[in-house]
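In structure tokens below, several structures.
One chain, chain A, links the two complexes that follow: it is found with chain B in the first and with chain C in the second.
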Partner chain A sequence: MSTKSLDSALIPEGADRCPLWQFLLAIAVVGAVLLWGVYAMFLCWFKGLNQTNMNDYYGFALWIWADLAIIALGGGAFFSGFLKYLVGKDELKNLINYAVLIGFICYSSALLILAIDIGQPLRGWFIFWHANVHSMLTEVAFCLSCYFAVLTIEYIPLILENRQLNRVAFFHHLAHNMHGIMAIFAATGAFLSFFHQGSLGGVAGVLFGRPFGFREGVLIWPWTFFLFTWSAAACGPCFTILVTKLTEKITRKKLVPDKTIWLLAKISGWMIGTYIVAKIIDTWYWATVTVPAKGQTISQFYSDNPLYGMWILILEVVICGVVPAVILISKKGRESNGGLWTAVILACIGVSLNRWVMVLQVLAVPVLPFDSWAMYIPSWQEVATTLLPVCYGIILIMISYRYLPIFPKERELNAAPAPAPVTDAQPEPANA
Partner chain B sequence: MLPFSFEWVWDMGHIVFHGGLHYAMSILGIGMAYCVIKALVQTVKGEDGHSGHH
Partner chain C sequence: MKQEQGYKKFGMVIDLDKCTGCGACMVACMAENNVPFKQDETDKRLSITWMRVYKLTNGKPYPDTDICYLPRPCQHCEGHDGHSPCVSVCPATATDYDMATGIVSQIYTRCFGCRYCMAACPYHARYFNWWDPVWPDGMEKSLNPNVSVRTRGVVEKCSFCYHRYQLAREKAFVEERRDIEEGEYQTACTQACPSAAITFGDLNDPSHAVYELKKNPNAFRLLERLGTNTKIYYVSSREWVRRSGDNYLKHEPTGKVH
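Then we have the complex of A and B:
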């Protein structure tokens, strides 16, 4: 497939990669969309948030949904790290690099979106220095930033293991030393993730003036705090598997052993299963106790509007919750190609839909007697800036896959079959 | 915000929030400092280190 290209000295030893022109062409195509997003980003920064369709109803809009969704999907990094370094699931060493890369992309994207969303990024540091210590979002900002630092620390050794960089003695030693204490960083990351994933859910759960989001809980933490952490740990690994399978499809190579994928799928299946049971109990209690106590009925949240019907609840909980859990828990389901693809796609849709509901449906539901449903359609600038991190992620994956040893088993899994041994019985050439 | 900032108040909110932040940053900072210093020492000593660590 590959020929000797200009950058072959940078490509991991023994790895087969496409020609440089093909690689650059693909970067250019994705980069064009990325530039569109960058243009929209600068419009938002220079002209202000009037470039968006946010208003007094929608202080949180497409960006915050995207933010929460990618943070949840990026949860595969912290949960895989937790399983490998703290629980001791060593099999995940074949996938952990990619999980870290995906997590790094998700969290850097989340921070980028926040930098656009705050409208005045030069004042981004205010949240650290002039912190409102009564806000769950302050805790989210603290943990998000620190966890991004953890992911950067986990990603650095991968960069240093590039074939050329690794020849530099200092870089080689640094990568080695960082690997040596990675468990400490991973444990810190798991701790930080637990809190910021939870607090993102807590934000909706403490809205006592909005019964659609409000939940009871333990001490200062509403149930949504725990459900968000749980769902991220459950569905994040599904996103890691999904991106891995997509990468395998695109590169037409086997990159991670099936055994590793199945192990992560199995754990994810049980996590989704237990999460969805908790979610069903939470929804039932909310519908029968919390909502009536606030003087409303569940039907008020799912009627008299053009979009939000009961279908969204069924889609989130049953089709994108129960179904993937059943598939992944069953050995036959997760080990069949179709079953695995279906389950991980549904799980990713499910957790993204959950974030949509908890961010946007919460704001759409009328809370005053004279109010009506507030619907929202994002502006093109919002769409472009939301696609921006997607393109950035694709480009970073392309570069990392080409130049870094992301998949430790790649060579072994794609080794050409050994030639048949030459035996004495073989006939000699006729002209010998 | 640091305790010597004029906005600082010695209450539970500030202690928990900023204490947690500084605690996490300290772990990351000390961890990275350890790795960098150790790598510098190894490099200066001329240790080989190509023994494989994965």
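Then we have the complex of A and C:
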């Protein structure tokens, strides 16, 4: 490792970073995949959505799943902000910058995917101009855009803390003052997130023509509204922990104190635990009351097709729900390296699987008695455009990590151990 | 929003015992509404068929085998007080429930192609324009000038030939009549059906044929239990056909169970 690179003046003081060539090579490798995604994106924009394998049965597919999943996983930003600034968990200050960055990546990616997904991208603004207040998507669009603006505001002071930018007095004071009022943005973010995470849950929950997705609820909100918000608050922090641990592995450095990780893991564990209880109650009520009232049985939703079986429900609720909750709630579980890795990976898979089921399985299940299951395999253009934001995220993390003081405890945690004091005293001989 | 008295509620009664599955209704619909088509239409999940005829079977072996053809236009759901499944979800108000006619409209120039309405429709009556329409040489001259062609990236569906309603109303206005006659507004599929299986009219008007036909004890609507409150009534004397119109638990009898 060397700090004497061409760009060393931009690197945070005292931080050790890989040589510039290594950094650029890594950017080039990830960038190649990103360019592949950009090519596919332009194909979709110029040639239309016939580039996908979507059809009239599968109007929503891989992209909408990716959208819902990254928004859920990005929930770590709003929930960590809520815990730090509103609940007063000050320990999270060691992780909050990274949570904001991950959230920023997730939400900007979600907006990009939506821009590719719509049939007439140039008319995208109609959702604001001709807004239908009854539509869950309208609520999603408004809250998502506003929250992205909040995340941008939260990310700006981090950029301004770059070693060179921070030398400019105006930027220095601006960053300082923005940090000072961050609680207001954290509160705004938490409020907006409650609604857009919920509205995404409502997208499938309000479909009274689709018994698989439909849920009863309170007033205009189906139960999925609350379950989505809850699951995002529960599993989003797990994604933040997962990305942090991955970053530590790749950089071979300790970036966040264990105490901070364990605190977030504990809170996440209790959130997942309570969420999964609510999810089980919801599933039970849906299977025994809602679905039979529509003339169907739960077994019809999990049979007679090549993919969707009961295994998916067990995987989501038990293996990726109950198991991570139990691990994270137990002190021994969350403080063991293997336990923590297992739990956060399972939680991320669980919430992503939930979003898959609530988008793709909803459309796969036949509703007309004389109709059949619809299966779908994404085209390479869909896969490439889904990998595009992943690559963009990796690149933004690489740049931010290299040039911005994302981890306030990095220096302290990676300081070389002080040399042992030299004394003339001879060690006492061991008893013979 | 309650449907006011005196307002129309256009709908259909389709006699499935009369339908031969000839497909004339599908052809007439495509020609009338400038529905685009491709060279390769083998993948029906990419084909646009505002009117689609399903083939149903009773699943029994010979000699008890029986089949039924079921024409399926947009069901023009009223839902609960006009909150049909697709209308309530459209984020840009590009589809609307008209309380004056009961017709669910689609505003092509406002639709931005999010396809949420398609996900909401259990009848698969909504279609996305995955491609720009390409008409064979010369065919653009035979397009219906009263119906706008649609561009790539928007959703379209059966409109109950709304342009015909507009023309009929204009004619009545010119002739200083307050209302139109039953025969003045008929959909293309209704007129094309050689066995007169489709009857179209105002379900609220006792002078229209559909008013009485829908009261047939063998009449049913598709997926009534979902609360979509559709305006397409089907009639069949065959119990298995009526049972195919909705989902039932094993012990439940065919017909209204709620």
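Following the convention adopted for this analysis, the second predicted complex is superposed on the first by the 419 of 432 C-alpha atoms of A that agree within 3 Å, B and C clash if a C-alpha of one lies under 4 Å from a C-alpha of the other, contacts with A are read in each partner's own complex, and residues count from 1 in each chain.
Criterion: a residue touches a chain if its C-beta (ideal position, glycine included) is under 8 Å from a C-beta of that chain, and two chains touch if they have at least 3 such contacts.
Every value quoted in this text rests on a predicted model; they were computed, and no experiment measured them.
Of the two partner chains placed by superposition, only chain C is touched by A:362; chain B is not.
Of the two partner chains, chain B is the only one touched by A:178; chain C is not.
In the overlay built on the shared chain, the residue A:188 is in contact with chain B alone; chain C does not reach it.
When the two complexes are overlaid on their common chain A, residue A:138 makes contact with chain B and with chain C alike.
Within the superposed three-chain model, A:290 lies out of touch with both chain B and chain C [touch as defined at top]. Look at A:130: by the touch rule set out above, it reaches both chain B and chain C.
When the two complexes are overlaid on their common chain A, residue A:209 makes contact with chain C while staying clear of chain B. Of the two partners chain B and chain C, more chain A residues are in touch with C. After overlaying the two complexes on the shared chain, residue contacts for A:169 are found with chain B alone; chain C is out of touch. Residues 129-131, 134, 138 of chain A lie at the contact with chain B in one complex and at the contact with chain C in the other. In the complex of the two chains, the chain A residues touching chain B come out as 93, 128-131, 133-134, 138-139, 142-143, 146, 149-150, 153, 169-170, 172-174, 176-181, 184-185, 188, 191-192, 408.
The touching residues of chain B, when paired with chain A in their complex, are 1, 5, 7, 11, 13-14, 16-18, 20-21, 24-25, 27-28, 31-32, 34-36, 38-40, 42-43, 46-47, 49-50, 53-54. Against chain C, in their complex, chain A makes its touches with residues 48-50, 54-60, 117-121, 123-124, 126-127, 129-132, 134-138, 141, 203, 206-211, 292-297, 362-363, 367-371, 374.
Taken together, the chain C residues at the contact with chain A in this complex read 43, 45-46, 54, 56, 70, 79, 83, 85, 88-94, 110-116, 118-124, 126-132, 151-155, 222-223, 225-228, 243-249, 252, 257-258.
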